[in-house]
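Read from first to last, the chains carry the letters A, B, C and D; within each, the first residue is number 1.
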């Protein structure tokens, strides 16, 4: 279903950009786990708008109010439900869009799919605002995974045409990735980061936008986790990550460039290490046949340029069937890829947590059954 | 589940590379539709091995025997089940692989996931041989879609480093794509095709391999089909296509390169045409917010270099925990991307048929109810 | 997943008996439909506690606050989310239950499943309190179905040992069922209703409880709706209705008694009527092979005696592994079957709406597309 | 989907009563388990037709041919696929049924659902013949469960109006149930069994039929297995068992009769035993809140009278819209409930195996990883 994903840990998000509230429900989280709400809020802040000049100036505190599922700071076994109030809507900015759809937005397709009464102010439930509840769910998933030694970290591998330094896939610098995570542009290389900032500021000034590539790593995953064919790690990551607004492509390991290379270069020979069987390279991105192989998971997510630009654009009037020239108002990010980094981490963590609990439903048992002897 | 996909049209595949038979079951196909078995067999031939020197020399006729679901040439409403006999196994080639896994194959991860008795001769049920049943199901889906004016066609956008000519995404040459579909290398540009052939032959000679990019187009789709968030066209295509062996990346429209561009260039302005609202460009690849917009669907699928190469490779003995040098035997494609083209068409057609039937379950009613007045 | 059901219309409920709030999310409702909130509130009142002396004296207003999915009184296409505040918890009544589980409640199994931190005050998320959000979702489903001529109505076929008058399954008295729906005991026969009231009052006085059988009818369903085997009308009704607390049995048409009868009496011969093909009897309960046959749907749902009784009962201390005598406090219904009637209607309507939208996704199109010509 | 069920262990069945073959695919079975094919064939024989005079005289050997998933007698990790040839079709018996549907069969609803080309000879894919593949899958599930101490056994609690002796739900006689399983009428009480035989023979002579109630028990289940709300043990058993032809009702523990009783009698007080916490009675049938409580699972399945009777019956011509008198030919069971007993065991075992693997995916690890140290 549209607004749901996950199997063992099932996540549902709701709300629209300009409605009263957005929120989510997460079922299947392990009972007894103590959620660190400060860490969660810090994670949400990485995605929240209005933090600095490279972002949209819409300001939202993004503080989740938990309705159920958490008692005295611990997950209680029942579905975790929360709402986040919308506080900074300016719906008037969208009055002209009911009839004249914005290019490369979902205005037109939503209208064709849902009809006349669909609420598309600010993008409605297609809006990137819905990634706030995703980050609440994902922030908790990250805490759960970290408690068992699994880490999920991302950087911007590319902003527009500006690449970050390339990363050794066999040993991604997880600590460094953590330390840059609160940067406006989470790139490892400070020089490239500066170049990217200049690009984004220039685009903001010129009323244009660009995209980027978020690259995410997960370490500490159990070996032999996942499934072949249509239910592998890539399948479920792909299905979920394409649910993030603006995603145009998903790849693993050496990705599309690796497809142009040769088997003799791309293959990952096996080696014996102190920790067991590993591979010398990691062009496979930690997965073979849908199943983890003990190497870090590596995934790239391509984010398109923000379609909301202030240039005049050609569009049509749906009621008159006539050509129209559209001038978008509102507050927008010149590069949504910047704020997409924690969202990619959140969705990746949720999918991996789902697999982890499928692989071993009792892996968090020390939280739920600290004392009870059965 | 691993070997299943689809919702309204549910496909299951079974079998292993070196077992007695492979096959599949398809539930939810519209009753009464007359399947053209000759057209189906011609489609299967495009994928079948041993057709020419650029491919593996394993020969399989790939003739499906239908066990149920088809009566007097028409779909009968009950699940369509079929088997395809394996005839050309040479399992002896795989004797040494039980203990020494092939690099970048699923041998090791399957062993870790399934244990000691997993049958991985020839790749077991991770083998690309399982794409034969996919093509039976997909070949029928293509016939169904064509009967209502929806066409699905692919080409090789790239073989190794050799690109095909680029295609106008607003108006892909569906007839030309049909006419090149039986080429050993289905590229539009004959010069590039020749260059690619030389590359593949050179790799065959040098015991190496390469990958490629399959690009697929679908025209004639209804507007407003699909869903937002986690159940859109991209989500389900992504989930399914990553189920194809060797797929490393999936992208839509202008894909990863488009992510480095600018909003002012990437946006698809709306225009009025004789057929209704369309867009001037098609960088979105026919989808916005998970929902079709009336433009051709465009998807790229990155296929990694065949991991089976005849070079000596480093591996390990799982029983001895020692380093080993591995020399792969068997018969293999120097570039599996070549035979992947019909498989991409098949899976794409199956996912689209699923959406089409969700969008309008009665779209094939003229086949099932030609006379009955209710 | 535990707290979710439905396919095209997906319902999720959350909250625990003694948490801050309960609520739900419904995805897939047709955009544009005007919800009558007064009618909805009247429906909720039928289930709400504290209405009269035959019920628990816990009082809850059960007023849903909509967080998203409804704009100016119409469904907006995005997931409908709502919360209902809990106002009348008396959690102190449950202090002794953490260690000493109540017989025939989920206290013990929840503890074994979820561990020490599971919040089972008042039954936690196993509580019948969770049927309030079910009635919000179901109340809207009923309004949608009624707009297309489908009616869902239930009565108490039995309270304890007291049966209601038997109903003609070929022509259930839908209007009369509507008129008795606000009775404390919704039985058709006023004499039997009075007898049942006396029974319930007697049980209340004697600190005991009983169960009952809710029988539900649906008329106006399209013919040929549903699926064979594991996805028929009964399958999905069964899967969903067993999700209601205290349900011990589900049957269709002539049910278990019909199984003791003979084919010559039980078969439903076909007849021609002005409305088309119908059957003379309706022992099949409107379904054959999982598919509607044009006759009213008939289902019975058996509800066990309320397990919360004020008698002293034997139990055990989970920490001490010792026998204990338990005296339950709190406020409880002597017969939960009474308040189960609207819940059965709600769940039945939700499952049928799911099938209706699968059968024809465009059946509510006049609400969503009143003007737009495509 | 119609012909699929299960989550971790996914079962698909295919085929029609008068097609070439029937069969099934099972995905998710634990690799390495040695299947005892003789035991399996003996189990299948309990369901197979033509075994004695109380049954239909259609004879089918029901020998599965495995196409994949089993290598040298062990489950190989890939989907287990098999076909069973149909050998004894007499399709001519059904010629007149295309236009004149049999009362209380799916002929009419299938026609309305699937249209003119649906193959309903012998009931098509709605036929009880499809329970043969169910028994192949279930027979293997039973072997797996038995290997870990879980036993599933059923008897006929009632044939027509003739009840079997009632069973102590806290301690069902599993060995006795095993010993009567090959009886033509698997009842525990030999006197009642004889009475039931007389009834069935009388019905056979008088061209009539009856139904019955199958009662199934499962012992040895882990405590705390299952889920609340819509994904409990009852939900998934209900969803699956209603997929069996002719099932009209499903109940648990004390079932519908228990709903007329009182809480003080129905509640199951907790006691301490040598094996841990248990209950004194077992009116709950081993489940509370969708989760196992350590007591035997108890379920009743009501089977309607065989609708195929040789009396003249009223029907209609679908083409002429006229009344018709129908005389059924063919070979039929006077009481399908007799052959339903192993089918109920099979489906119950498959659903329980699904839950067992969800509860602990590694429970069969000693079969898959006998030697490999990781």
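The rule is simple: contacts are C-beta pairs under 8 Å (C-beta built on N, C-alpha and C of every residue); 3 or more make two chains touch, one makes a residue touch a chain.
Please read these numbers as outputs of a predicted model, since none were measured by experiment.
Undergrad: Just to be sure I understand the contacts, which chains border both chain B and chain A?
TA: C, D
Undergrad: Of the other chains, whose C-alpha centre is the longest way from the centre of chain A?
TA: Farthest from chain A by mean C-alpha position: D.
Undergrad: With contacts defined as at the top, give the pair, C-D or A-D, that has more of them.
TA: Answer by contact count: C-D.
Undergrad: Roughly how far is chain B from chain D, going centre to centre by Cα mean, in whole Å?
TA: 37
Undergrad: Can you check how far apart chain A and chain D are, centre to centre, with Cα atoms defining each centre and the answer in Å?
TA: For chain A versus chain D, the centre distance works out to 45 Å.
Undergrad: Mind checking the centre-to-centre distance between chain C and chain D? Centres are C-alpha means, answer in whole Å.
TA: Computed value for the inter-centroid distance: 27 Å.
Undergrad: Hunt down the residues of chain C that sit against at least two other chains at once, touch-wise.
TA: Within chain C, residues 1-4, 13, 110, 112-113, 125, 223-224, 318, 374 contact more than one other chain.
Undergrad: Considering only the defined contacts, which chain D positions touch chain B in the complex?
TA: Answer in residue numbers: 1-4, 6-8, 10, 12-16, 19-23, 25, 27-28, 31-32, 66-69, 71, 74-81, 83, 110-119, 124-125, 318, 365, 367-372, 374.
Undergrad: Name, in rising order, each residue of chain C that touches chain D in their complex.
TA: Checking each residue of chain C against chain D gives 1-5, 13, 101, 103-106, 108-110, 112-113, 125-126, 130, 158, 160-161, 203, 208-213, 223-232, 234-236, 238-243, 245, 247-256, 258-264, 266-272, 277, 279-280, 283-285, 287-293, 300, 302-309, 311, 313-316, 318, 321-323, 337.
Undergrad: For chain D, which residues count as touching chain A in their complex?
TA: Interface residues on chain D, with respect to chain A: 223-224, 276, 358-362, 374.
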